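Structure below; questions to follow.
Order of writing sets the chain letters: A, B, C and D. Residues in each chain are counted from 1.
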Amino acid sequence: MTNPLTAPRGAPIIAVSNLVKQFGRFTALRGVNAEFDAGKFYVILGDNGAGKTTLLRALAGLTDPTRGEISILGKKPHEASRDLGYMAHPSLLYDEMSGMENLLYFDKLYDIAGNSRCEQAIQAVGLDAELSRPVGKYSQGMRQRMSLARAILHDPKILFLDEPFSNVDLHSAREMVGLLKGMRDAEKTILVVTHQAALLEGTADEFVWMQAGQIVDRTNHLARGHLAPGDAPAGEP
Amino acid sequence: MKRAFPILAVLTALLLVYAFYQALWVAPTDALQGEVYRIIYYHVPSAWTAFLLFFINFIASVQYLANARPSTARAARWIVIAIGIIGFVAPFIPQVKQQLPTGMYPSSVATTFLIITGLYFVIGKYFVDQDLDVLAVTTAEVGVVFCSIVLVTGPIWARPVWGIWWAPGDIRLTSTLVLWLIYVSYLVLRRFSDSAQTQKLAAVLAVFGALDVPLVYFSIWFFRTQHPQPVIGGGGSMDPRMLHVLLISWMAFLCFAFLVCWSRYRLEKLSREVEEAEALESLLEPAGLAGPSSAVKTPLSRGSK
Amino acid sequence: MRSFWSIALATLTKDIRLEWRSKDALNAMLFFSLLVVVIFVFSFDPLAEESRHIVGGLVWVAFLFAAVVALNQTWARELRNQVLDAYRVSPAPANALFLAKAIGNFILVSLLEALMAPLFVIFYNLRVLGPAWQLIPVALLGTWALVVNGTFFAAMSLRTRSRELMLPLLLFPVSIPAVISMVAATTSILTGDDPAHFYIVLLLSYDVVFSTACLALFETVLQAE
Amino acid sequence: MNSIKFLYAAYIATWLIHGLYIGSLVRRYGRLRQQMKDLGRGK
């Protein structure tokens, strides 16, 4: 396999330069530099507090960086919002409404009216659009999948997923991986933050290792071939 | 710049002593109120100073918000110019002239608008980006101090003259109280904010507070005022010697306010630099990580003396 | 522009639907406003002769308390599961969300007032001496005045520590002219002594000024994390 | 005249408030200086 750093398959679609994010005295990101190419599947790995979620939130335009630049499709994250799908660790859904009702609402925010689009999204994640149960009564796995359906509702070019497999049983997780693989094959760019990287071995194009607010390594395999200069061995399972 | 502060401090002290002497011994005794009227030499200048500071806070906040985008900054500039032109020309139009309250001259109204416009551009020239926010904190805090003095000396004056501490229908004291409340809530928001964008939130609140001022004034105005006629531009009943002393006193308090603002401004700048340095320190903390350490210069070199 | 209104409408219907599904909160709120009325009745003797002069103030202070409790709940629903983030990553304009929330709160607070007002009338034996129909514009404009800034400052206090406490701290000072106007207008209508027109105009200008300011500045508040 | 007391009270109150505020500024400067020292020591 070729090294993706030297031979990119697609053009860079996301460029991050010198990104710093501080919450008071706590530093979440300390100078992140990276480019992500179109149509690739990235997995971001690292310990708790390594800055993965903060990076994803900054990319999605939810949090303004203290310093540094983010360019998505040549625009700022806010301006590129139509091309971004974001799935967070919390479900980002209203517990008291059914999945379909939720999606019909979020549909309006993207100015794409129509039940069919929502039904497609629900079916894409392997759920039943007829399900009238409120989301609050879903199982964790179903809720995660519905959350994914919300993120892909407007058919974005780029997907940011934060811990999509946490608390999901292995079977559902495998299904979701298959789904993501299909989307990658449909030329979507996908960034996944996860602790269960083993699930994505063979699916992901690249593993991005983060530690203490910086990207320390990028590898093609889950096993890190070499360590970054001055880096301690990662405590990743 | 460093040496200017003590020189100015000495001058201000002299001016304050002179104003004190003028207020207590030179100014004539009021025929109706007796000696106690001399409170106005502290009360009124403090009020004017507080209003000026709050106004600067408003301008700084508007500019801070407008500068977020070049387009809004440009729009704000043109709006201010338009207000300046209209305010300069309008008082001389006969129909508008008639509407002005007695004792208010068109030329003074026009000058006021000119000063307001000028202030916007002067502040915009000398304060950029975060400095605008520092200016806003400074003026709000010092303004609240002066406003507190107005609110304390007001009732002390009212008691012997009116026989009551506080007249709820009195327009100026009550609207000053509301103004004080608004700016205290502004300072509370700054203290309690959890956001990385406290400055923006505070600026928004400052704009809301400033929009509130005319509404406060009109709402109390209808209650009918118990206050004596305005001291300046209201009937001209004031002895010119009294006015003279009042203006000297205002000059003295303005200089004093300037000094206090200067110290507060420097304190805020320094503490932000310290915060930044602490943040940088935490940025560099885990040794061995290849970071931006070489490129980082501590910003404390200036402030540590 | 069309999408602005459709987003606002969708948000509003969504909020009403959610409010309806979790009726507990609504019921608790109704009970709370009932309690406020009863407390006021016990604190201020309803049989006093001059009750007509003070009841305008009492009613609006009671409404203010009920409104603050209701307003504090507005954004709570958006914070659960961080649904607000889903709105923030979407291209939907922030104003539309604000407008929907403000209208939703307006409906809710009006509902509470509609429950409380008759109780005040009964307990205080009120009989209106002035033009009674003017109470309607006063109530509508006054409620909007409280609600528009209340919704705005409730969103602002999301970004602070101890947010439930922050809302009244931010809201009350700015609301003083509105409170003065509605109390004075109500009193002059009840007593029939003075015309209330001036205050109605003042309330209207308050509403216009602050609705504009809120719509213009809400994006700053929503995105200030 | 008794009202002269009010005059004195007002003047004293004014300088008391200014004094308190300047005192708080001095205290804050002191705390800042301490912070700066700590910052230098931390390195």
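The rule we apply is simple: a residue touches a chain if its C-beta (ideal position, glycine included) is under 8 Å from a C-beta of that chain, and two chains touch if they have at least 3 such contacts.
Computed from a predicted model, the values in this text were never measured in an experiment.
Trainee: With centres defined as the mean of C-alpha atoms, identify the chain lying farthest from chain D.
Mentor: Farthest chain from chain D, going by C-alpha centroids: A.
Trainee: Looking at B-C and A-C, which one has the bigger number of contacting C-beta pairs?
Mentor: Greater number of contacting C-beta pairs: B-C.
Trainee: Indicate the whole-number Å distance between the mean C-alpha point of chain B and the mean C-alpha point of chain C.
Mentor: Chain B and chain C have C-alpha centres separated by 31 Å.
Trainee: Taking the mean of the C-alpha atoms as each chain's centre, how many Å separate chain C from chain D?
Mentor: Chain centroid spacing, chain C to chain D, equals 40 Å.
Trainee: Between chain A and chain D, what distance separates the C-alpha centroids? Give it in angstrom.
Mentor: Chain A and chain D have C-alpha centres separated by 53 Å.
Trainee: Of all residues in chain C, which are in touch with two or more distinct other chains?
Mentor: 223, 225
Trainee: Which residues does chain B have that touch at least 2 chains other than itself?
Mentor: Expected reply: 196-197, 278.
Trainee: Which residues does chain A have that touch at least 2 chains other than itself?
Mentor: Correct list: 63-64.
Trainee: Let me make sure I understand the interfaces: which chain pairs count as touching?
Mentor: A-B, A-C, B-C, B-D
Trainee: Which bits of chain B are touching chain A when the two form their complex?
Mentor: Result: residues 196-197, 278-279, 282-283, 285-286, 288-292 of chain B touch chain A.
Trainee: Help me check something: in the complex, which residues belonging to chain A touch chain B?
Mentor: Contact set of chain A toward chain B: 18, 20, 22-27, 30-31, 63-64, 66, 211-212, 214, 228-232.
Trainee: Provide the residue numbers of chain C that touch chain A in the complex, in ascending order.
Mentor: 3, 6-7, 10-11, 14, 17-18, 21-22, 77, 80-83, 85-92, 223, 225
Trainee: Chain B touches which residues of chain C in the complex?
Mentor: 149, 156, 159-162, 166, 169-170, 172-174, 176-178, 180-181, 184, 198-199, 202, 205-206, 209-210, 213, 217, 220-221, 223-225
Trainee: Across the complex, what residues on chain D touch chain B?
Mentor: Touching chain B from chain D are residues 1-4, 6-7, 9-11, 13-14, 17-18, 21-22, 25, 28-29, 32, 35-36, 39-40, 42-43.
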